[in-house]
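What follows is a pair of complexes built around subunit A, which joins subunit B in one and subunit C in the other.
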Partner chain A sequence: MADLGRAALFVSLGLALYATIVGAWAARAGKRRLADSAGNALLAALGSTAVAAAVLVAALVRHDFSFVYVAQHTSTELPTGYSISAFWGGQEGSLLLWLLVLTGYAGAAVLLNRRRAPDLVAWSVPVLGAVSIFFAFMLVAVSSPFATQTAPAEGEGLVPSLQNPYMLAHPPLLYLGYVGLTVPFAFAIGALLARRTDERWIVATRRWTLVAWTALGIGQLLGAHWAYVEVGWGGYYAWDPVENAALMPWLAATAFLHSVMIQEKRGMLKVWNVLLVILAFCLSLFGTFLTRSGVVTSIHSFTESPLGPWFLGFICAVTVGSLGLVFLRLPLLRSKTRLESLVSREAAFLYNNLLLVALCLTILWGVAFPMLSELVHGESRTVGRPYYDFFLRTFGLPLLLLMGIGPLIAWRRASLRSLGRMFFWPAGIAVVVGAILLALGAGSSTPGLAAYTFCAFVLASIVLEFVRGTRAVGSFTQLVGRNRRRYGGYIVHAAIVLLALGVAGSGAYGSSTERKLSPGQSLEVGGYTLTYRSLTQQRAANHVAVRAAVDVSRGGEVVARVEPGKNQYFAEDQVSNEMAIYTNWLRAEDVDVIADQIDPGGAIYFKALVKPLVNLIWLAGLVFLAGALVALWPDAREQRRLATRYALVEA
Partner chain B sequence: MTAALVAAAAVVLVAVPFLREPAPRDDSLREPREATKRTLALAEERDRALAALKELEFDHRTGKLSDADYRELVGTYRRRAAAALQGLEPAP
Partner chain C sequence: MIALSIAAVLAVFILYTSAFGGGTPSISPSQLPGHNGRVSLVGKVTGQPTGDGHAHALRFRLRDRDGSASVPVVYRGSVPDLFKSGREVVVDGHLLNGTFVGVRGTLVTKCPSKYAPAKNT
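The block that comes next holds the complex of A and B.
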């Protein structure tokens, strides 16, 4: 079976080479059948990579320890679901997932666009092929999941923290996001190579970007929830380099999804949009490099590996090559129109772009700093939470405010009188909410109070937008149906407001305490009393679960019993922290209880945290998905308009 | 054996364009001519101007755009749309 997997990967590599070399020649020489053949090579690469993936899944499910990868990441007692998730639990498997998703996206992009924009697809195929070559080569020559050995009696098992239902969805969604950014990159580079800087590459890739951006956003929120319930430290985002690695391309793609509208509506920002697409793709490669190279210490990263220099070389080649091409094509990318006013919707988009990119680059600096300091000073210095929190407040709060301001301003220009009329209610509501919160004691955190006030402003402006729009059009469904992207975007803005409320609430107004307790003793936190009652031990399929029974009381009344503890995994010979959470829905807060150290005598060092509004973060995920789906839903009117436009080219 | 089948299937898929059209009349990739590129640019300009007119109307009705700005901008974009449409009309 391993031979089949290896052979299938060789075929994928050969097909990727064909798609790149023959595809580039066909595009340059204008050979139609050869260009189609190169596109088909990407479809065939999807098939052969799927065969390789099927071989690995079969080996994982059968616990075939003659595969080194299977022996390193599963054990006979590992449940089947987690055995399958071990596919992306290790370095070689996750590289194979990269290639599988990449060829899947490439095949779909070729099939869906080759009729509408054959000349553009012909130039995009070699770019998609070149990226596929890199990953196929890594799998064939540097880090193969099909290395074999004499099968040991038992495998090493899967890292305990990965034995969580969230791990079935979080990594694949992140990959759908990371890899999906290859498609807009390939079409942008294809358009530059072909000297076709009209809007077709934007039309061809806008939806792909939205899909990748949605997957990346949901993937990150699932990862945050996994960290919250599984990692056992009571937080959901630690500004870990690998977490940041997923956030950076998402921020760049967010900037692109906003600025691309200016190109579509006004024909402006062509260079900026191409640069954002390149930035998002390079950051997705950088994220993969961080996870796989072992250059950073993170719970998410794999151990030190030989992949680092390869990735670094590839990222440098992509960056230099892409920027060089943009420079060569600058004359074709000049805009004919200019910004009419600094007080207009497009100007607000521009400010939003600058803030998003600034936030993205400051995070990049924070992530790269340890590597650069090691290179320059010989010792690795890291930047901590205060650095990131400072820049999140500096750029994040104005961004939040702009989400409310943007929708209230007209495209092109706005007069002072109309601005006053549009801002009156949202600003008034925000001031009243801010004053009430101040009176209730929210002034203990200035950034928290500012975030809450801005959130009230944004929510009011979104609601007013829907109300005014419905009045103007006459029907709510018609309003949304006629402009799904705009109103889907507003729903996504509402999700960001929920996220900001959750982050501000749990971060600025939370409370925590830690204490060693023996059975019968209690601790106080945020108005709750936690009483440690007893310690139990239970055997599960592949671990022993040790649990402490803790009563949660409020106002002298027991409201819940929670059971924090630890799991001792046999095959992995590792211990995981199992946090317990009590959710008080009435007060909209979580009580997190962590049994940090368990003494042999039964005494436990407990950590307890109260996190107000933290569940709004997870609710934000659902609203975000709903908004993204509204924006993604096909628009028949737009399809007709584009078909009419491109019929002119085909005629 | 299975590996050979995978390779053979890949070769067939790659060869499909040649198997389907062994001797095509035209094997050239459609290269947009300069005239076509101009037409496409005009079509994009027309669509942009028409979309702008719709937006101006919507922004005016929702109170975001003053009457004076609306009148001035509508004139500008009507002229742009008309010029693009004129450019797209086939020559007599």
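The block that comes next holds the complex of A and C.
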């Protein structure tokens, strides 16, 4: 079986080589049929990679420990669902998933755009092929998931904190996001190679970027929720390098999704857009490098993983190659128009882009800082939470404000009078909300108060946009149907507002307490009384669950019983903390109870946190998905508009 | 205009780094002598840890990742699930009379599933 997997990967590598070499030659020589054949090679590579993936899945399900990978990441006790999820639990499998998703995206992008934009696809195929070569080569030569051994009796098992339903969805979604950014990158590079520097590459890849961006966003929120309910420290984001690895390309892609609108509407920012898409792709490669190479521990240890040097080399080659190409094509990328005023929608978009990129780059600096300082001073220095929180506030709050301004302000040039008319209601509502919150005591945190007030401003301006639009068109559904992209975007903005409220609420207005309790004793936190009642033990399939029964009461009345505790896993010989959460929907806050340390005598060190509005973060995920779907939904009107545009360009 | 905005962003950045310094040094036990302020100590847990981090402070020795220099560590606060002998951990604190005193709540283990390079078996 392992031989079949290895052979399939060899075939994938060969097909990717064919797509790149023959595709590039066909595009250069203008040979249409040969270019089609190169595209077909990518489709075939999807097939052979799928065979390799099927072999690995089969081995995982059958617990075939003669596969080194299977033995290292599963055990016979592991339930089937988690055995399959071990596919992306380790390095080799993750790489295979990368290649599978990549060839999937590549195949679909080729099929769907071949008719509409043949010259663009002809040059994009070799780019997609080249990226596939890298991953196929890594899988064949450097880090194969099909290494075999004499089968041991039992596998090492999966890390307990990965044995969680989120493990089934979070990593694949992130990969859909990371890898999806390859498509706009390939089309951008393809357009430059073909010297077709109009906005067609943007139009052709708009939905791909949106899909990747949505998957990356949802994947991250799932990861945050996973960390919140499972990792058990009461937080959801720790500015960990691995988390930042996913956030950075998402920020770059967000900037890209905004700035392309300027190019489509006004023919500006062409160079900027190409640079953004290169940045997003390089960051997604960098993210994979970061999580998979051990470079986070120390710059000198990255060679401990066979992947490190290869990845670094590939990232450098991609960066240098694409920047060089942009430089060569600069004369073709001149804007036709200039920015007319600093108070206009274009300018608002521009500020938004600068802030997003600034946030992205400061995070990148924070991630790279330990490695850079080790290179320069010979001593690694790390930046922590205060660094990231500072820049999130400094760049994030103005971004929030811009989200309310951007959609209302006029294109080209906005007059003072129109500004006054537009912003009277939103600004008024924001000021009133701010004053009420101040009276309620929200002044204890200035950034928190600012975030709340800005959120009110943005929500008011979004509602105003919907109301105005509906009045003009006459029907709400028609309004959204006619311009799905725009109103889908507003729904996503509303999701970001919810996210900001959740982050500000749980971050700036939370409270926490730690105390040792014996059964019968209680502690107070944020207006709640937690009483520790008793300790129980239960045996499950692959672990022993120790649980403390804790009564949560408020105002003298018991409102819930929660059971925090620990799970002891046998095969993996590990303990995992199981936090308990009581959600008070009426007050929109969570009470998190953690049994930090369980004494043999039954006394427990409890840690309790109250997190206001934290559930808005998860609600934001649903709204975000809804908005993204509205923007993604096929639009017959748009298709017709594009068809005429393509026809014009072809003529 | 664009140049001005970029300059503004850069200025904020430089102001921040000059005001708050360039991060906490992250060092291994052998580099401890000569560091008086707060540092992040990175190393491997050796020997049998004692205490629980609460009533009895957690005591263990931290050794260089690739070397033999080690230092005794005393720590109070929550102890991560994955903490045990042989694990690589990071803890913030400072050296006091030959013992490294950890800051409450800063002990973290380096997640083996994510960071560790592939085991070459």
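Quick note on the criterion: the second predicted complex is superposed on the first by the 638 of 651 C-alpha atoms of A that agree within 3 Å, B and C clash if a C-alpha of one lies under 4 Å from a C-alpha of the other, contacts with A are read in each partner's own complex, and residues count from 1 in each chain.
Criterion: a contact is a pair of C-beta atoms (placed from the backbone, for glycine too) under 8 Å apart; a residue touches a chain by one contact, two chains touch by 3 or more.
Owing to the predicted nature of the structure, the values given are computational and were not obtained by experimental measurement.
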**Asked** So, A:Val68: does it touch subunit B (first), subunit C (second), both, or neither?
**Response** second
**Prompt:** Between subunit B (first) and subunit C (second), which, if any, makes contact with A:Val140: first, second, both or neither?
**Reply:** neither
**Request:** State whether A:Thr394 touches subunit B only (first), subunit C only (second), both chains, or neither.
**Result:** second
**Request:** Please indicate which partner A:Gln91 is in contact with in the superposed arrangement: first for subunit B, second for subunit C, both, or neither.
**Result:** second
**Message:** With both complexes superposed on chain A, which partner does A:Leu354 reach: first (subunit B), second (subunit C), both or neither?
**Reply:** second
**Message:** Quick check on the superposed pair: does A:Phe369 touch subunit B, subunit C, both, or neither? Answer first, second, both or neither.
**Reply:** second
**Complete:** Interface residues of subunit A shared by subunit B and subunit C, listed none
**Asked** In their shared complex, at which residues does subunit A touch subunit B?
**Response** 3-4, 7-8, 11, 14-15, 18, 26-27, 30-37, 40-41, 43-45, 47-48, 51, 118-119, 122, 196, 198-199, 264-267, 408-415, 417-418, 421-422, 468-469, 471-472, 641, 644-646, 648-650
**Message:** Could you list, by residue number, the parts of subunit C that touch subunit A in their complex?
**Reply:** 1-2, 5-6, 9, 12-13, 16, 20, 22-27, 31, 40, 42, 52-55, 65, 78-79, 81-82, 88, 110-119, 121
**Asked** Which residues of subunit B touch subunit A in the complex?
**Response** 2-3, 6-7, 9-10, 13-18, 21, 24, 26-32, 36-37, 39-41, 43-45, 47-48, 51-52, 55-56, 58-59, 61-66, 68-69, 73, 88
**Fill in**
The subunit A residues in contact with subunit C across the complex are 68, 72, 89-92, 143, 149, 159, 161-162, 232-233, 242, 291, 293-294, 296-298, 301, 304-308, 339, 342, 350-351, 354-355, 358, 362, 365, 369-370, 373, 379-384, 386-387, 390-391, 394-395, 516, 566, 574-577, 594, 596-597, 599, 605, 607
